[in-house]
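Sending over a structure as structure tokens; questions will come in a sec.
Each chain gets a letter, A, B, C and D, in the order it is written, and its residues are counted from 1.
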Amino acid sequence: MTEPNIYLPHLMRIARITEEAPSVRTFRLEFVDDAAAQSFHFETGQFGLYSAFGEGESTFCIASSPTRRGYIECTFREVGRVTAALADKEVGDIVGFRGPYGNVFPIEDWQGKNLLFIAGGIALPPLRSVIWNCLDLRERFQDITILYGARTVTDLVYKHELKDWTDRPDVNLVCTVDPGGETPDWTGKVGFVPHILEQLAPAPADTIALVCGPPIMIKLTLPVLARLGFTPESIFTTLENRMKCGLGKCGRCNTGSSYVCKDGPVYTLEQLNRLPAEY
Amino acid sequence: MELIEKAKQLLETGAVKAVLGFEPGTHGGRRPAIVRRAERAARLVFDPGCAQNLASYVTRKEVKRLGRLAVTARPDTLRALLQLMAERQLREEDVLALAVDAGGQVVELETAQAMEEHLALEPKELPARDRELMDRLRRMTREERWAFWQKELSRCVKCYACRNSCPMCYCEHCTMDCNRPQWVPVPSHALGNLEYHMVRAMHLAGRCVECGDCGRACPVGIPVHLLTFNAEESVHAQFGQRAGASAKLDYALSTFRPDDKETFIR
Amino acid sequence: MTDTFEPKITAFVCNWCTYAGADLTGTSRIKYPANVRVLRLPCTGRIDFMLLAKAFARGADGIIISGCHPNDCHYTSGNYHARRRWMIYRDLMDFMGIDTNRITFSWVSAAEGAKWAELVNEVTAGIRALGPYAEYKELVHAGVE
Amino acid sequence: MADTYLLSNAGLDALFSAIRADGRRILAPTDPDGRSELNPVGTPAEVAKDYLQTTLSAKAVVFPKVERLLSYTLAPGQVELADAVPAAVPTVVFGIRPCEAGGFQALDAVFNWDTRDRFFNARMAALAVIGVGCTRRDDACFCTAVGGGPGATRGSDLLLTPMAEGYLAEVLTEKGRALQALAPDRFQPAAGVDKAALLVQVPPAFDQPALTARLPALFDSELWADQALRCVGCGACAYVCPTCVCFDIQEEADRQGGQRLRAWDSCGSRQFTLHASGHNPRDTQGQRWRQRIYHKFSIYPERYGMLGCVGCGKCTRACPVDMNLQEHLVEAAQA
């Protein structure tokens, strides 16, 4: 008789924990309930609310690719009450997951195009989902270029995957660290992402750019893309605003009349340009 | 009106950047007005209906940014300004008070000393209604007091109007907003409400200037001001000092006397 | 019911005097009721009043706060500051209708093992006589629909 | 079209008895200690005689200030979830004004946008509203500027308009008909009653469609910061508001288990949008005040095809610094 409780999370067991960088971890989560696992579908770009029971919920993107079935992954940095509690969890522990929520990257529309991923620091996870999604469907796309920067070498996340991507002939990975963040054996670039992008000078024709990073990186990267000739319609990013419900009800994630939890988190620059900067 | 002339002159000469005063509001009431241009000073009023303690604005980021302020002040406002100076939240040179002297003249009080001297003429007394309710509460049995407060606090919606109206609640990061640890439950259930009002009163003990603005602000009519009044009276009775008496006052709970007298420690 | 009631008592004690005193009670083989749960803090000056509220909210029927005698504080003046705090807080609690008979403040030095045992005995008996702190326990889940 | 009847005072007494005999509680404005609040009543005699509105709105009946969304027990490596089912007490709210009755639709718009909120819906299903039209107003009222009126029917199942003796009763919905069916012979035929003449006049205070049309262009105006200079940033306006729906979700637990609670929240508070990183998209009171206005007068019309404000004026009456909403809207409309 009663309607389902939309606030009730799925129980997920932590199958694997990867230490990515100082206070940054990746959880691989598997559904406790088989039926839930079977019926669960998501698309790249979507997010969820993850519970540390006893402390509350926190919002992160799903960092794994929908092409990899049976689990989801999330990557988070310990910054607050919930993420600190999550960081204390061990393999086998139970956490909660509500989702998937939000819109998706329209990768269907990108067939035959070049993909340029630009990410900074802890903002690689949302793009990592798209990257693996596209790599698992590699034949549908032309060139795939990944420009990833972090403050220091230790701050780079997914280090093992960066190695995979380096080794793949069908991916052009460019890693960079901020000046002073390099180690003696660092073989990547040194410099800020916008500068490296300028040097790289990717051609805008038939290319989709996906940009995720700290606000300052995004702010300085977008003009570079514009100078290179990228149109606002060809540039995608994801927003992260504070959320409590993820369902368009709690009232805090909106930027103008756009609710990041429902209309986002994926936006083109063209869409963002029409919204007030409440993010 | 004298106040309007003073306000105009202060704004015109640039002596202050804004005048905190009162203007007519809804239903014939009086409400705070922050006047930044001389030509807007004409709407200022200052009469017994002007009940609020405008000192609560001088620590607000957006108001502070305006520059030097003139504050239309009742005695409690002066006490709050002095207490803010004692707590190093307000510099003497950043504010001047516009008060009314015994002869009904508007006077400019430019220094803490002038404010202190003005106040010395006005002994602090609680409004009769508050005094009566305080006394009635103290005459109750403990169980009756518990029932009284539980009934009153059950109406609390944790809107924080009491906190946000208080001239002494200027903390950038209030205990209520702290979640590591979550000292006080956020929701306004019975425990959350009790703990909130307990913390508020304790954090104002020795600092409350007894203006009663917290109680006045409460949309559901909880006499929350009696809690801070009680804490303040307790400080006065036991340690002999009153918040707002001077711009040089040690916080009663961060100091001590070896001969502080209590009756309950075993 | 009351004859089977075992009071839950939370004791907040300072590390340097009362905790050592309580330790001495043990090593002196002086027996005292097991109703008391001792929580050691560096100094009574560190015992925030909210800890008392939290103890009641978590089901304590009685509370003991104890530290160094005046003039004996390891940190010189923590206990003096604590004393002032309790003088105000106790008044406030009483004004709010909280049962101050359920809270006992004391000074117990490292040498006063016997005083600690006596204190715990008396407090336990006192709280047993008062019964469970039902009012406060009822509060804990009230107001949630 | 509504069915219109006459309901005498004795008839209302009988209707109250019949409602209670039907196992429902009746909440109505009462004035204990001079406050005006909704409380359970048994008879119309217990209802406040001379109230304008209650301080808090009736939204708490369907959207309580604190409610449980779920609970759980914890053991090492294990979590046992327990779903929460709202206790939806069959309730009749009597005597709220037409403005406030209209507020339930604004709540419904958000709670059931795209996904359905069980908690709100269960309580809403158990609720019937007997509104009472307005024979007086105060300076905070502006219902007619936002599509309502002293005799507006939206949101009421039964709307009573006070007459010299008894009431003009409009049966407006299925739920209203069910109420009528509890005391059918008390509803007498009415003819030739001029409803409008019984009600107070509220001239529209501003041109709302024009205001809504202007808001997008005013987004970056200094106006909002200027207006908000007086605002102390408390949540009184949001918590008394019949349409403010924004909420917080809070966890309360110990080692054995806990619960997840939903609590009212307010866009006026700094914490509302504060990120864990310290970044805050709405960092100033001016931005937060703007959000309050835009949510009600721009976002609501765009997303849900209705306003997020019913013009009841509760926020104005509750505000400790008299942030008169109507006045600020008029100012914006003229800016």
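By our rule, a contact is a pair of C-beta atoms (placed from the backbone, for glycine too) under 8 Å apart; a residue touches a chain by one contact, two chains touch by 3 or more.
Note that the structure is predicted; figures quoted are calculated from it, not measured.
The minimal number of chain-to-chain contact steps leading from chain C to chain D is 1. Relative to chain B, the chain whose mean Cα position lies farthest away is A.
The mean-CA centres of chain B and chain D are about 32 angstrom from one another, to the nearest whole unit.
In this assembly, the C-alpha centroid of chain A lies 39 Å from the C-alpha centroid of chain D. Chain geometry summary: the mean Cα position of chain A and that of chain C are 50 Å apart. Across the assembly, chain C contributes residues 143-144 that each touch 2 or more other chains. Those residues of chain D in touch with two or more other chains are numbered 66, 248, 250, 254, 261. Those residues of chain B in touch with two or more other chains are numbered 187-189, 192. If you sketch which chains touch which, the pattern fits none of the simple shapes: not an open path, not a single ring, not a star, and not all-to-all.
By the contact rule set out at the top, the touching chain pairs are A-B, A-D, B-C, B-D, C-D.
Put simply, chain D touches chain C in their complex at residues 64, 66-68, 86-87, 254, 259, 261.
Taken in their complex, chain A has these residues touching chain D: 2-9, 11, 53-58, 79-80, 83, 92-94, 96, 215, 240-242, 244-245, 247-257, 262, 276, 278-279.
Residues 49-50, 53, 57, 70-71, 77, 80-81, 83-100, 104-107, 119, 135, 139-144 of chain C touch chain B in their complex. Contact residues on chain D toward chain A in their complex (touch as defined above): 69-70, 72, 74, 77-79, 81, 83-85, 110-111, 113-118, 121-122, 219-220, 245-251, 253-255, 258, 260, 262, 265, 267, 272-277, 279, 281-282, 287, 291, 294-295, 298-299, 302-303.
On chain D, the positions that touch chain B within their shared complex are 33-35, 37, 55-56, 65-66, 138-140, 225, 228-230, 232-236, 238-240, 248, 250, 252, 261, 263-264, 266, 269-271, 284-286, 316-318, 320-322, 324, 327.
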